[in-house]
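Going by the order they are written in, the chains are A, B, C, D, E and F; count residues from 1 in each one.
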Amino acid sequence: MKIKEYTSGLKTSNAMLIARYTRGVTQNGAPYLSITFQDSSGEIEGKIWDVKAEQEARIQVGLIAEVKFDVNQYKQALQLRVHDLEIKDQKNYVLEEFVNAGQFDINFLRSEITAMIETIADPIIKDLVVANMDAVGEQFYQYPAATRNHHDFVGGLATHVYGMAKLAESVCELYPIYNRDLLLAGVILHDMGKIEEYTAPLLSEYSVAGRLLGHISIMQANFTMIATQLGYADKEQTLLLRHMILSHHGQLDYGSPVMPMVKEAEMLNFIDNMDARTNMFDKFYGDLGEGEFSSRMFALDNRNFYKAKGVK
Amino acid sequence: MKIKEYTSGLKTSNAMLIARYTRGVTQNGAPYLSITFQDSSGEIEGKIWDVKAEQEARIQVGLIAEVKFDVNQYKQALQLRVHDLEIKDQKNYVLEEFVNAGQFDINFLRSEITAMIETIADPIIKDLVVANMDAVGEQFYQYPAATRNHHDFVGGLATHVYGMAKLAESVCELYPIYNRDLLLAGVILHDMGKIEEYTAPLLSEYSVAGRLLGHISIMQANFTMIATQLGYADKEQTLLLRHMILSHHGQLDYGSPVMPMVKEAEMLNFIDNMDARTNMFDKFYGDLGEGEFSSRMFALDNRNFYKAKGVK
Amino acid sequence: MKIKEYTSGLKTSNAMLIARYTRGVTQNGAPYLSITFQDSSGEIEGKIWDVKAEQEARIQVGLIAEVKFDVNQYKQALQLRVHDLEIKDQKNYVLEEFVNAGQFDINFLRSEITAMIETIADPIIKDLVVANMDAVGEQFYQYPAATRNHHDFVGGLATHVYGMAKLAESVCELYPIYNRDLLLAGVILHDMGKIEEYTAPLLSEYSVAGRLLGHISIMQANFTMIATQLGYADKEQTLLLRHMILSHHGQLDYGSPVMPMVKEAEMLNFIDNMDARTNMFDKFYGDLGEGEFSSRMFALDNRNFYKAKGVK
Amino acid sequence: MKIKEYTSGLKTSNAMLIARYTRGVTQNGAPYLSITFQDSSGEIEGKIWDVKAEQEARIQVGLIAEVKFDVNQYKQALQLRVHDLEIKDQKNYVLEEFVNAGQFDINFLRSEITAMIETIADPIIKDLVVANMDAVGEQFYQYPAATRNHHDFVGGLATHVYGMAKLAESVCELYPIYNRDLLLAGVILHDMGKIEEYTAPLLSEYSVAGRLLGHISIMQANFTMIATQLGYADKEQTLLLRHMILSHHGQLDYGSPVMPMVKEAEMLNFIDNMDARTNMFDKFYGDLGEGEFSSRMFALDNRNFYKAKGVK
Amino acid sequence: MKIKEYTSGLKTSNAMLIARYTRGVTQNGAPYLSITFQDSSGEIEGKIWDVKAEQEARIQVGLIAEVKFDVNQYKQALQLRVHDLEIKDQKNYVLEEFVNAGQFDINFLRSEITAMIETIADPIIKDLVVANMDAVGEQFYQYPAATRNHHDFVGGLATHVYGMAKLAESVCELYPIYNRDLLLAGVILHDMGKIEEYTAPLLSEYSVAGRLLGHISIMQANFTMIATQLGYADKEQTLLLRHMILSHHGQLDYGSPVMPMVKEAEMLNFIDNMDARTNMFDKFYGDLGEGEFSSRMFALDNRNFYKAKGVK
Amino acid sequence: MKIKEYTSGLKTSNAMLIARYTRGVTQNGAPYLSITFQDSSGEIEGKIWDVKAEQEARIQVGLIAEVKFDVNQYKQALQLRVHDLEIKDQKNYVLEEFVNAGQFDINFLRSEITAMIETIADPIIKDLVVANMDAVGEQFYQYPAATRNHHDFVGGLATHVYGMAKLAESVCELYPIYNRDLLLAGVILHDMGKIEEYTAPLLSEYSVAGRLLGHISIMQANFTMIATQLGYADKEQTLLLRHMILSHHGQLDYGSPVMPMVKEAEMLNFIDNMDARTNMFDKFYGDLGEGEFSSRMFALDNRNFYKAKGVK
């Protein structure tokens, strides 16, 4: 049974991953734990009242637990009242069942993106892309594209790049004034700095370097070092791709130190936003009923989005 | 010979359209005229010094004139010194040679857009689009999409809609969560109010209604009237398309009274911007030399755009 | 006894209207209800602990209930602990005693506003106002002018229009450069779209159309349709009133798609704000003690307003 | 003959006041003077080509000159070509014929405002107003309310205060929640600091103190000194009027160090704006033709205002 | 034992100052008190459950109480469960042990600042500073420089002025273009209005005058009165210091009615910010572990500050 | 004779450097040249009317010319009418007499900054600073710190760094919570990217890389490469200095991709601004008369600065 299927009143046991937890004390002085559980269908909060030391000792972020609980309604959300919690041998579980799953298989993404890189005609751009991909290796296919909001799952970065690349190809076909090699390279490289900006592919948080530098500046420095090692420090292609990495958030206010000043840089910003927003819509439109408005979406300018009635 | 081919020092005669003119007086008290001439290749300013009354009487915006002039450099631009100017029978000229030309033939645009409308599956959406197209008739294929900046030529509106529709189709193929009927209808309808916002398909200015109401509000009212006549006033499709027309500028600051709150409305805004900017790039990148920056582009946040060297 | 008269410690029974309610569960797993009760003097929150199924079944928004309760202080506000709640025959109650009451009688407002319309000298403007009033009928005298903040009561819209019209008349007398017919018509029409923007005259919320279109765009479309039916589509008066409806929020940021560009439109925005703010002051200054500051008022730029000591 | 009556081609002599002038040199190295002349109907620019030393020696800002000139059209405006310029005995001229004239006689304004002060019921507020009026004396009836934009004529401050006071009285009658004494005192005092902010009642510029302190802070300090001398330093009335003087621009961005936090302070800001804008409309609407838009008005958020056709 | 030394699980008695308190009622209807206690090391919140009338009667803000309690963890913070609370003779306590302590002794600050004033060479500036210091007397050495954020302790204002004056002296030595007399006087005078803006040196809140006028306008008026009494109303020095007081927040948005327009005024704003921020860093960096980020600092643009690892 | 000493009416010959020039044509069709000349005292514009081909052929930016001219007043500025212009052997001139001169000798700056680097105690920080200084070599002492506004002269960058370093030392002495090594290193490194951002130490313009990347991102990449080569890629010191380079503009709007989040980074931003503004004041205050306001200073928020009368 998946978390999304729980209903108020349910009493059962189930395996769930411990995503986060905090300790508290009730007004009567009794200690309790608030634990956020997750599986591939979503998250839910649970409480262990009158928590015992031996229970607390078992809790660890990232472990999958066998949880005995009943489900209550609390302030317009469901909440678990946890009666017991056991940690069994972790080898018995398939991790993919407990984390958000992307829509694409990692192998599919790897072969598609590798094939796309092969289509880059400009040899310098191709060398630069290949060398940067080699530098991050398999992490490219594991990291998420964001810690929340969009593509926040194992493989999220590659999924985002794949979606953007498909859209970039359409744009280049419809509008031949854009340089396909540049735009494709920009798509593949633009968010690679997130591998250092986050701490891990799974349950990822911002790293210290991520907070103090940001993925844009991390990637620009890494890319420049690799270009220099390849002897391409002064090539026009290097300059253009550094600019595209730096400007891909589109505005200074959004963390880009320069605005796009090359036509492909401008398109990169649009394509990035369209793919990211589509992924966000994908996440929350499914949960909306027809004729309903979403809650305020912080990452979408606090807008409430509407799901049409009858018109899909 | 086209205006774009003029060089400093040239002395010749040529037919050009009178786009605008103003009267002046020199420091020495002599009256003169400043005339902006145009043909399909661009615009140029000319001066008639010591203008005579009979010359001035011939001048009229929209007429094609036989002009005798020489070309000088003035403050980093070329300027004509007009020696004489004659108005001959206008029937001898082909108007298309004197106005900006779009890249597509009007007949091609008409048949393409008509065919696209045929592909709309939802009968109410299709009825609404057809009835609105019927209401504006052939003007849809004549008006520009802007008075300057982008698609500012006869057929500009249809060219813009056609480019957007192609991109919208790609988006719907890549991301099946978007309703193709809605997005296509939004593309076709969103700027139709410009037919009332501007005064004419050629040499167009903002009309009084255009300035006091804006094309967004004009179109929302027109659309609602037509929907009401069709008996669709309370249909979900009518509501969604009214919202898409109103929100297509994306932000209150840009003249939309509501922000996009439906997923297709969000995409409409991105697609509109991408097609408009591509057209702007198309206009000025051609004039830039490699390794050069453009002047500040007002409609592009005052940015200077760069044309890469060697990397096309 | 009215809600405003309740004091901490009071134990009694009273009839109150159920404005809103939500279900909850305590930390101990017991279900409870949070109900917002109201009468003509204001609102108060109440809790039913250990709610029974038969109690919950009786609760319905909009019903008047006989409630047995005691009053406690909770976080700087009073709160009811509800012991029992009964629903009797609703015909025994006078609804006006349970909803916010405006200061004016509906009949008074209707006759005053009708008389004002009679004073409009321009026949086209008068026709337009009359036809629009006819289209909304008695709803004009029932709807509020806002769901909260100001004039949020049955008859609020008409009260707001009446107050503004009186102020508009003073402005026109003091400053003869303003066209009285236009300004008066603008006052009467500007917020009429709220009748579609809200769901009901009583306990009103935003409708779906209200959220996706806004009352400004709703009214501009309705007005244009009625003007077209009257044969006034191309009249200057129609254009000016469409502009005044669109621009009455004064700024793009506040939801007007165009700023005021006609002198009467500029005044309409000032008069609207002055009357709305006066009504807000009226609501909260009464509850302030002398020498006290109000809490932060969200609709007034988060300001804390001060009530003078001794100087009334 | 008044400046407003000049037409292109006119050759005549006339007396005009010298408002400003600058020296220049033509491309051919010849010195010339640009002089702005004014009379009670408006301003016009004139040029003296090949200016002679003895001519230049006569020029002085503020003098009325007998000017011999002809009128030319230059860049959509008229311009004078000055042939000669003589300075005669200044006593022969009536100054009022050469400066912008307010609509009210100074004696009328003095008696009206003095009578209004008499109607203030609160003795402390009345004392404060009277003492502050005594401190500035006759200057109150001579200074303008702005150096340009609105009420920029001798008596402009008093005219602005008179207009605002009439509107304030209407507001207090319509909305009894406002304290008439406070609002009237705020109206009379709010701009009194302009007497130090500007250099003179006529041809006024900003003084050094005006630029470094601003009229708001100048007046708040003067008012506090006078209140202290009267023994009213700690009175509530003093505090409220200091607050109203400080907050009357409504927003920090507009130079008020605090936002209005007293209900009468909020109204003072609205009334100030309504009267100022009415005066601006009065100035430029008269020059507009029906169906025309004004040029961009800097003091009105760069808007172009429209003059209706047929509907006055 | 100091508050900062408390740990979860501790049960003890201790003397602490009552800084603030509020009454509440639990879900079960039992009254309780929330009290914020403080001593020189910091603050902590405590709860008295089932509070008895005689306990509540003893509570008074500003009293030092003997409190019997145990310490619990509650939502990532410690909290006291208060078992009993007694008020003994207040003379037995040394107040300094219960309030935030500045790093400097008041006598030291007084003699340093007095000596600095002696070094002012310009006799008018010196007179102005001395007279203003005399007017506020010993309060200058008792008031805080802010109610929270920075220098929020007895003597905070003098500590802030002392730090700024030392920095101002360095700036004047390094950059001789700054007038030392002016800058030093600006430092000493700029925040003196806080003595009226706050209610008291200890446990201070904003006064009514503080909220309606602000310390900038209060001080500008006071300074002008004193300068006028000294016969210096029209001196350049008076004008410059009024400007420096008014402009020291640097921007209109931050409450200065004018921006700095004199070079020393610009430096005053920088020096003010540097000393204030250093004091804020001093307060929270001590509590951060190495490699940790602070929580969001509201007074520092919501930034999270980082404490380096190993590199002190 | 220096440019600053020229007065209207002067006729003479003098050697001046050609800083910029443009070609034009008069209304009468005659070609002319506008040349900006400079020497160590400043700049002046000159015109050559009826320019001959052989004259034009001699003109080249960067050459020192012997110019024969007279000086005229034109629109509130002086302008040269150039009669002849000759280019002699450039070896006869001392370049320093023709460019803006800093106040410090390059040798002095080199020995002072080198000595400062020696005082850095942390060996990793010292290594990083030394290696980066080595990488740019003598250019560090030649480049300006800005193309205009502040420190826009040969040696400007080193002069700016020297001034900031002295101020940083004072700050660290007064406030021991700041890490002197970090702050000093930040001062030396922060603007080093300007060596790539500008095209040359003399008559410098923005390079293509400077416009597309900016000195902040250029330097962060260069610094990271050097740190990596030294084996310091993962050192805390490297991370902190990368952050300080990135954040030194203080705000995203000013081109920093991250805001300062380390206390020394915050101070670096203040010190940078204080030194830059002092240099700006130094440049224009000298030209102001007492009691005068400067023109609007674009780089200082369009403020007009005031020079006090009598109070230096």
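What to note about this one:
Note that a residue touches a chain if its C-beta (ideal position, glycine included) is under 8 Å from a C-beta of that chain, and two chains touch if they have at least 3 such contacts.
Note that the structure is a prediction, hence the values are computed from the model and not measured.
Considering every other chain in turn, the ones in contact with both chain D and chain E prove to be C, F.
Graph distance from chain C to chain F, where chains that touch are one step apart, equals 2.
For chain B, the chain with the farthest CA centroid is E. The pair from C-D, D-E or C-E that reproduces the interface of A-C, where over half of the contact pairs by residue number are the same, turns out to be C-E.
Centroids of chain A and chain E (each the mean of its C-alpha atoms) stand 44 Å apart. Chain B and chain E have CA centres that are 61 Å apart. Looking at chain C, residues 208, 211-212, 240, 261-262, 293, 304, 306 sit in touch with two or more other chains. Contacting chain pairs in the structure are A-B, A-C, A-E, A-F, B-C, B-D, B-F, C-D, C-E, D-E, D-F, E-F. Taken in their complex, chain A has these residues touching chain B: 122, 125, 163, 166-167, 170-171, 174-175, 177-179, 181-182, 236-237, 240, 259-263, 266-267, 270, 273-274, 277-278, 281-282, 285, 293, 301, 303-306, 308-312. Taken together, the chain D residues at the contact with chain F in this complex read 22-25, 27, 29, 31, 208, 211-212. Touching chain A in their complex are the following residues of chain E: 26, 47, 49, 72-76, 79, 81, 291, 293, 304, 306. Those residues of chain A that touch chain F in the complex are listed here as 208-209, 211-214, 216-217, 220-222, 224-225, 228, 239-240, 242-243, 246, 252-258, 261-262.
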